[in-house]
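Following are the structures in question.
Presented sequentially are two complexes of chain A, the first with chain B as partner and the second with chain C.
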Partner chain A sequence: MAKTIEVNRLYAGNIHRKGQLSEIWKRLKKNRLAVAGMYFVILLLLVAVFANYIAPYPYDKANMVERLQYPSLKHWMGTDNFGRDLFSRLIVGTRVSLMVAAFAVTISLFFGSILGYTAAYIGGIYETFVMRIMDAFLSIPSIILAIAIAVSLGFGVTSTAIAIGFSNIPVFARVSRAAVLTIKDNEFIEAARSNGAGNARILIRHIVPNSLAPILVQISLSLANSILVISSLSFVGCGVQPPTPEWGSILSVGREYIGDFYPFLVFPGIFISVTLISFNLFSDGLRDALDPRLK
Partner chain B sequence: MIRYILKRILMLIPVLFLVLFIVFTINYFSPGDPVSSIVGAEATMEQRARVRESLGLNDSFIVRFGRYVLNVATKLDLGTDYITKRPVRDEIFERLPTTLSLTFLAIALASVVGITLGIISARFQYSIFDYMSTLFSLIASSMPAFWIGLMLLMVFALKFRMLPSSGFNSPRHWILPVATIAFNVLAIVTRNTRSSMLEVIRQDYITTARAKGLGEVKVIAQHALKNALIPVFTVIGVQIGRTLGNAVVVETVFSIPGLGSLMVTAVKMSNFEVVQGCIIIIALSFCVINLIVDLLYAFLDPRIKGQYMKAGKRTIAKAAKSGGSANG
Partner chain C sequence: MKLLEIRGLEIHYVTDDGIFKAVNGVDLVIEEGEAVGLVGETGAGKTTTALGILRLVPSPPGKIVGGEIFFAGENLLKKSMKAMRKIRGAEISMIFQDPMTALNPTIRVGEQIAEVIKQHMNCSKTEALSRAIDMLSTVGIQPERAMEYPHQFSGGMKQRVVIAIALACQPKLLIADEPTTALDVTIQAQVLDMIHDLQQKLHTSMLLITHDLGVVAETCDKVAIMYAGEIMEYGTLDQVYNDTKHPYTKGLFASIPSLDKKAGRLQPIQGMMPNPSDLPSGCVFHPRCPRASEICKVKAASMSEVSGGHFVRCILCENGDMEGK
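Moving on to the complex of A and B:
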């Protein structure tokens, strides 16, 4: 499990390595909502990976005879305006949403943490310069910024991911900078330096592992936020475009049938909401478990 | 205090300049060509070149950016909408009040209802009401605003025909959009009021107030609330950006002629001048709102005010940094 490895690395070099990890797990376990959220996130990941096996029909198989059918045993969530099975489309939509979100968060994590770490570590004019630019980015609401970037890249899956990824860089820059600032002046950093460790070694061996906790939480929060922004962008028509089964784009087509065909509107929204709720519950629980002082 | 306010206003200028730069750069690399939308597809190469020259599109990036900044700064001129041939500024300012009032009404509604729910929840902790409102805020804070809008529209406008489904003419039209936009913030405000209230209620001075025989309403309203609300206001301030973003998306659900629908239409028509103008104005509104919120804190919280009064440079810079918090 990727999370375990991450958390393990977080406390690498600590004598109580196992103790720390099981402490975190114990604290997380106490929060039943967070555990429920975690299991749901895992379930979603499995659904995304095995989407093709879970979906009862091919997501793009049109059948004009069976268009706009209400939920039945044959089509659990009904069919859309081309007679395609909605359940299958939403299952494959899980994969699209999670993939785009993961790609976006990777971009923001990569650039954001490089900027944040270097800003905090180097300081001075460089830090002021970087953080002022990040402030300017943050003064544009993230959905608006994502729309702007998506416009210049053209619409589609990749450009949506890039747009959302870039619009989230400042958040990661801020979080990682703050994380480094809190540990930069600790004695163990000084000790490492007096032992002759160079900047790169200190950064990679000491600062990065010790500042991971808030970044992990931010990754989880940003995944949820990215999924929300993807569906919003696709809904207004600036994101993933209709033939691709994405929750927001399914909703934007379903909107035309708002007066007379409810499954088209209700089920995609439930998928988005449940996904966001479980990610947010898990993030909150993870934050409390990683840093008990915050509670 | 006045010096602090002036300083904060001056600090807006570099941020806005950077916003202009970011938006202009994004726009500069956009694939669309305004010339085609002006002269039409059948124009000759010569015509195109002439239009291109007259718009100054042949100049270098720096020259064009400089000209844009100069126009914005001196005349508030955001360029011309190539499709309607009207100044972008006029189009935006016709619609800006709608979007801003939607945002403000939603924030106001969410604050009033959220704070009330939060207080009741905290006062009757572990009651049925508390569980219900906690569950509600848990779910509602994670629901996408545009979907809430669609659901409300489906139920109240189309199923029961209680409220109009689109347009923005009478107060009845405002109910659904404002409720939709308020939903997320309402949930977050409820949750934060509850936890901050619970913290305050356990403090000694509340016990003292009760011990000296003060009525429960007075204890809550006069003693506890004052301190409990400060962190809640911070949260509301942080949520304004998200609300503004939500308003932009929700406008398309209810076909409200606001900034959001202007921007989305412009995006679809590759009308970049308008998109650029919208983003700049939204960022400007957001910065100004944040500034106002920050100044309000100073008035609300005597501790912060005291800081500013005798503050050296460091504390102000620190406060300013923590004030302009993350959005999204």
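Moving on to the complex of A and C:
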């Protein structure tokens, strides 16, 4: 019993418990741009969650009287060709973009890392087989692959997510395989094996936690990339379909008014690019923060 | 009683560039509670032998092609991988060379020790952790540090943790693969003393792999000299150190600088270790042996017992020519 108390005391009173996270945060904080990017990403998440409360108008409320209005106090970013409030549509579009991106990255992370981890860990013919298939997929530009998948699945939110998710699997397979390869030959893996650990335990306890850093960074980068691809797919009409508001599809409609009515193109463009920049800055900072050897 | 008996162990690495014969017919016996030193140059097959005992020779390319390894009366080479996993860490455990990389950087040291305990003994997490903390104090680390990560420990401390992990389940056999090579000299002495004390206290048998004859003299009961995958000389410390028979062992001793004599140059053994993919015919040591004769080039020597428990693999001893000196 005394032993239990001793152990509990160690757990409770330990100042080093949160050691690693706070170290990473300390390093990330040094990079001002990354922190700014992170705050913007958090803001975007909040906007996506509370879109219905933030948007001043319902995103699908048409008002032909007020169509194609320039920004005003009433309509901060103007209105579109049906008189719908652009700001509201872009806000709700944030939710669509982020949800689709998150779903897509989940798919690619899940399948990609399973393939990558097993390929690196098992090795041999299996590895060659898996990685050559991944290489073949990588040789197809991901946007074209995504279009092909989206077309074959039919258009819509879900199929867009699936299309982007699958087109990104090779990226995750590669990153996770590379991460495992650098960890696999460490002596502590051999030591674990010499202590009787089986493959499952070695993978879960020893390899996964030590190979997370590059994968986390890839998640962040892929989210940004997915948002871009969603918009591109919607722009060419293979992605999210109107009337669901999506940055790319709003831009696509706005294309007809290019030269005549700037808000239709400028505001969705700003949303897309600022989001991408923030994600990329954050990913960049995260990569440096997760690798203590840099700096 | 014999705890470990290796008979004619052969381990080859089969690669595209040829077959590397790392271990060629090693015979070795370790009695219960006994410490045996395995000494040899880099590439002599010491580590491969050790990994062979645990059946951890990386495969491919490594392959155990022949021999038998009896541990507590059972042939390890006939066991299933599942049975081997139960033995590793619980019955036979290993200390690795470099403590810097032998610990998982993402797991607290206390938990790393507890992990082995949990795996082999049926006990709760708390129980395992409290045993882990006991182990830590056994190796001289305060319990407070159990919740720290490996990077917060110095090299010597890390090696203590590695030793704690190895001894956590009180194995019958401890394989220490150059446990002090990566440490500086003062820490080496501390760690060696500790290994020696614990080995005596827990009555564990030990196979100490090193290329330092001085280390063996301090910690072992018996010593085996290995060269190019073969045991050249085997016997008690007294037999091998004071009644050295094999020309290779003599060469090793001759190349140790003396503390009290003023010497100009070291006396190295001429030549280089043979390439394990292209071993010389006859006796593997003959190209470097100062006493080699024509017959050594064609006929491999077998182990001969020159006195009780003192084995030498040299044609000179086979012929009864034992003047040696």
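The criterion applied here is as follows: the second predicted complex is superposed on the first by the 275 of 295 C-alpha atoms of A that agree within 3 Å, B and C clash if a C-alpha of one lies under 4 Å from a C-alpha of the other, contacts with A are read in each partner's own complex, and residues count from 1 in each chain.
One rule holds for everything that comes next: a residue touches a chain if its C-beta (ideal position, glycine included) is under 8 Å from a C-beta of that chain, and two chains touch if they have at least 3 such contacts.
Please read all numbers here as calculations on a predicted model, not as lab measurements.
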{"item": "First (chain B), second (chain C), both or neither touched by A:Ser234", "value": "neither"}
{"item": "First (chain B), second (chain C), both or neither touched by A:Ile277", "value": "first"}
{"item": "First, second, both or neither for A:Ile140, with chain B first and chain C second", "value": "first"}
{"item": "Which partner, chain B or chain C, touches more chain A residues", "value": "B"}
{"item": "Partner chain(s) touched by A:Ser159 [first = chain B, second = chain C, both, neither]", "value": "neither"}
{"item": "A:Ala191 touches, of chain B and chain C: first, second, both or neither?", "value": "second"}
{"item": "Touched partner set for A:Asn225, first chain B, second chain C, both or neither", "value": "first"}
{"item": "Chain B versus chain C as contact partner of A:Thr79, first or second or both or neither", "value": "neither"}
{"item": "Set intersection of chain A contacts, chain C complex versus chain B complex", "value": "none"}
{"item": "Footprint of chain A on chain B - complex, ascending", "value": "14-15, 18-19, 21-23, 26-27, 29-31, 138-139, 141-147, 150-151, 153-154, 158, 241-242, 244-246, 248-249, 252-253, 263-264, 267-268, 270, 272, 275-276, 278-279, 282-283, 286-287, 290, 324, 326-328"}
{"item": "List of chain A residues in touch with chain C within their complex", "value": "3-4, 6-8, 10-11, 14, 16-17, 19-20, 186-188, 190-198, 201, 205-206, 209-210"}
{"item": "Parts of chain A lying in touch with chain B, wherever the complex brings them together", "value": "33, 132-133, 135-145, 147-149, 151-152, 154, 167-168, 170-171, 174, 224-225, 228-229, 231-232, 235-238, 251, 255, 258-259, 262, 265-266, 268-269, 272-273, 276-277, 280-281"}
{"item": "List of chain C residues in touch with chain A within their complex", "value": "54, 56, 85-90, 93-94, 96-98, 101-107, 110, 115-116, 119-120, 126-127, 129-130, 133, 143-144, 146-149, 152, 162, 165-166"}
